[in-house]
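Two complexes follow with chain A in common, the first pairing it with chain B and the second with chain C.
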Partner chain A sequence: MIRIFNNFSSQLVSGFGWTILSSLLTLIFSLIFGVLIALLEVIPNKAANKIGRIYVEIFRNIPLLIIVMFFYLIVPKYFVKIDGFTAGTIGLFLYTSAFIAEIIRSGIQSVSQGQMEGARSTGMTYKQAMRYVVLPQAFKIVIPPLGNQFVNLIKDSSILAFVAGFDLMYQANAIASVTFDTINSYFVIGVLYIIITMPLSYYMQYLEKKMA
Partner chain B sequence: MSMVEFHDVQKFYGKFHALHSINLQIDKGETVVLIGPSGSGKSTLIRTINRLESIQGGKLIVNNQDLSNPKTDSNRLRQDVGMVFQHFNLYKNKNVLENVMLAPRIVSHIPEDENKRQAMNLLDMVGVADKAQNMPAQISGGQKQRVAIARSLAMHPKLLLFDEPTSALDPEMIDEVLQVIKKITSSSDMTSLIVTHEMGFAKEVANRVIFMDQGQIVEDDDSSSFFKQPQTERAQQFLSKIIAH
Partner chain C sequence: MKKLICSISLFLGMLLLSACGNSVTDQSALKNVRSSNTITWAVEGDKKLFSLIDIRDDKEKGFDIDMAKAITREILGPKGQARFTLATSQSRIPLLKNGNVDAVIATLTITPERAQVISFSKPYFQAGKSFLVPKGSKIKKPSDLNGKTVIGIVGDNSVEAVKKVAPRAKVVAMQDYGQAVSALKSHQGDALTSDNGILYGLAAQSPGSLEVTGGTYTKEPYGIAVNKNQEPFHRAINRAIDKIQKSGEYNRLIKKWFGQVPGFNYKEMYIK
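Up next is the complex of A and B:
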């Protein structure tokens, strides 16, 4: 394992970098987009609710691989040229957003109706009540499942390997095919994934304690 | 001058007819108590006044604004119509002081130092100034309800709605809340409508008593004659049961 790491360190470091970049982009954008979709699902507007619902049902019910393949094969052919990394990251972002939307929605709905009514009864708009009263409470509730989803998305980023995304899994495949040392090739990247996910897990646990 | 006018107001929850042709007028400065068995529509009626519940028929005028008109701005209306809830509904993510200061800051845009001074005065008036920095979860039910009252007063409402303000409280804490409500309603420019099961309190503060049953107003009388002898048999029956224990 050490030998593999020494011999292929530049490939592994590059894979590590691409995995972190893809995960980070996905985390940031799917958190923002997931919150927007969740809001579409809860605001008092039937059409918006429907749109949010349809989004979630489509993207969480299709395997991630198929979504990514769509962006890798169909989009470049008929729409715009994008590389494997971009296609994979967009697919991962859309897929993860659906799960984050569901987490945020359940958080919003678990804040009691009375909180919204209390705020509205003082003359606050729906938006103000959401922003100052309901959402802060919802975020506190959803930290544990959100952390779960963040860790999942980092591991799911290994989907990039299928579309030449140069991530850790891609590098492991390449190294294994050269060295025939399959076990150690994948073992090395397993350790590297843990190096990314563990600090995030601990950070989410810290956040949970801090907000409690 | 009337503050609230119901003209033949109807309210439905799906097929359930919750309010039947309500006709009611409340004048400025009045303290009206609304009583009746549970499920009679008291809470529904009070919640239509600040539009937490919509109405399906008739005309409802509150503070000269027509609530039957969908164009009427609910947020503007609610700045003048405060509400105190059975379960307090204090913002759990904000401390006591912030609970009182939030709406004046983001709705009325009052300068921060003036807002704080006003909030501390109100908390002092309801007797919880020493809890200003506590979170709602750290104070008692009676204190929570007094903070909720301070929060609604911070918007300088012309009309205050109390929806069973003491029903969720321990018996020992009911009095401290009722004393605060009494202090507020005794002011001649405050109009209030109170849903309550506290008959002694009702007798003490109310100018007028409205008795509801099955979504209808059964009796509407001044307080002293109502408590001496209600006119309808249904109200007599209700009163005798409530006073008996």
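Up next is the complex of A and C:
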């Protein structure tokens, strides 16, 4: 195991970097996009509700691998040329957004109806009430499931290996194929994944305590 | 926190221990296959001509499969059973080392690096690396690939081989041949490199859109792999290959599988 770490440190470091980059991009954009989709689902507008619903159901119910393969194989063939890393990250972003949207929506809907009514009765518009009263409370509620989803998305980023995205999983496969030592190669990247996910889950726990 | 660290280290320790056992591979493989009257072979399922699953009856078919059956017959007699376990380029050697299979016959090139961890039989097929490109591609020889993207397969030695003939080529490794061909067709790479026999099979599956080009740029003798320290089984396989080649059965199998492949001179493969 130490031997693998020493002999292949440059591959592992680059895999570590690509995994973090992909996870970070996905985390930021899917949080923003997920909130937008969640808002589409709850605002009093039937058409917007439908659009949000359709988005969530499509991306939540298709395996991640199929979404990623669509961007890796179909999109370059007919539309625009994108490489494995981009295809994988876009797929991961759309997939994770659907889950985050569901989490945020459940958070918004668990804030009691009276909060919205109360805010509206003080003269706030719907937008203001959402922005200053409902959403802040909703965020507090959704921190634990959101942290869960963030950890999941980092692990899901191993999907990049299937589209030659040079992430940790890809490097482990490459290392295993020259050393014939699959167990230890996977063991090494398992530890590296923990190094990425542990601080995040501790940060989410800290956030939960601080907000409570 | 302390408890957490304890339990994590316990789990990691268990993982480490599980990597150390090697009981199955210490037993005599020849005795085992004789007593069960079965040889379990690791084969691949996505290589037309060598070993492809026929989706109509779910049976593996190809040159490797017929060789494995013939060798099984030579070692165990006419009633011997050949059982096939599907592997990928990446999993074929680990399957053998972990004792899941008795031998590997899966277009496995004999290389010095691999010979350090497993034992190879004498070569049973002489292949060479070549390129598969979309029809009409400008790539005619290996050096044309500098600055281009080349698709390889995880676990296939072409990934290292291509860097020797085209050092400035970017290599991306896909998980299996189906994915690699799809990636080539989606322009994710300019060429797909692997052994010529496999590539002719892939070209035959996509008639009119893909072709093999550039001759062969390496020599790739295929061998059957068995675990280290299995000398009796190793010798039995070598003897079986000798017999099959002398009896003319080998040439029949070559003609059966490669006789119809356009652009492939199967008579060069004959054992005289």
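Keep in mind that, in the parts below, the second predicted complex is superposed on the first by the 212 of 212 C-alpha atoms of A that agree within 3 Å, B and C clash if a C-alpha of one lies under 4 Å from a C-alpha of the other, contacts with A are read in each partner's own complex, and residues count from 1 in each chain.
The working rule: a residue touches a chain if its C-beta (ideal position, glycine included) is under 8 Å from a C-beta of that chain, and two chains touch if they have at least 3 such contacts.
The model shown is predicted, which means the values in this text are computed figures rather than measured ones.
Asker: Identify whether chain B and chain C fit side by side or clash on chain A in the overlaid structures.
Answerer: Fit.
Asker: Tell me the contact category for A:Val42 with respect to chain B and chain C: first, second, both or neither.
Answerer: A:Val42 sits against neither chain B nor chain C.
Asker: So in the superposed three-chain picture, is A:Lys81 touching just chain B, just chain C, both, or none of them (first/second/both/neither)?
Answerer: In the superposition, A:Lys81 touches chain C alone.
Asker: Tell me the contact category for A:Ala164 with respect to chain B and chain C: first, second, both or neither.
Answerer: So A:Ala164 only meets chain C here.
Asker: Applying the touch criterion given at the start, work out whether A:Ser121 contacts chain B, chain C, both or neither, answering first, second, both or neither.
Answerer: first
Asker: Which angle, in steps of 10°, is spanned at chain A by chain B and chain C when each chain is reduced to its C-alpha centre?
Answerer: In the superposed model, the angle at chain A is 160 degrees.
Asker: Would you sort A:Phe180 into first (chain B), second (chain C), both or neither based on which partner it touches?
Answerer: The answer is second: A:Phe180 touches chain C but not chain B.
Asker: In the superposed model, does chain B or chain C contact more residues of chain A?
Answerer: The partner making contact with more of chain A's residues is C.
Asker: After superposing the two complexes on chain A, what is the shortest C-alpha distance between chain B and chain C, in Å?
Answerer: Chain B and chain C, overlaid via chain A, are at closest 31 Å apart by C-alpha.
Asker: Overlap the chain B and chain C contact sets on chain A and report the shared residues.
Answerer: Chain A residues touching both partners: none found.
Asker: Going by the contact rule set out above, which residues of chain A touch chain B in the complex?
Answerer: Residue list for chain A touching chain B: 112, 114-115, 117-125, 128, 132-133, 136-137, 140.
Asker: In the complex, go through chain C and note every residue touching chain A.
Answerer: 12, 15-16, 18-19, 89-91, 93-94, 97, 113-114, 117-118, 154-156, 159-160, 172-175, 179, 182-183, 185-188
Asker: Sort out for me which residues of chain A touch chain C in the complex.
Answerer: 1, 72-74, 76-77, 81, 83-84, 161-162, 164, 170, 173-174, 176-178, 180, 182-184, 187, 191
Asker: Within the complex, which stretch of chain B touches chain A?
Answerer: 50, 52, 74-76, 78-79, 81-83, 85, 87-94, 102-103, 106-108, 148, 151-152, 154-155
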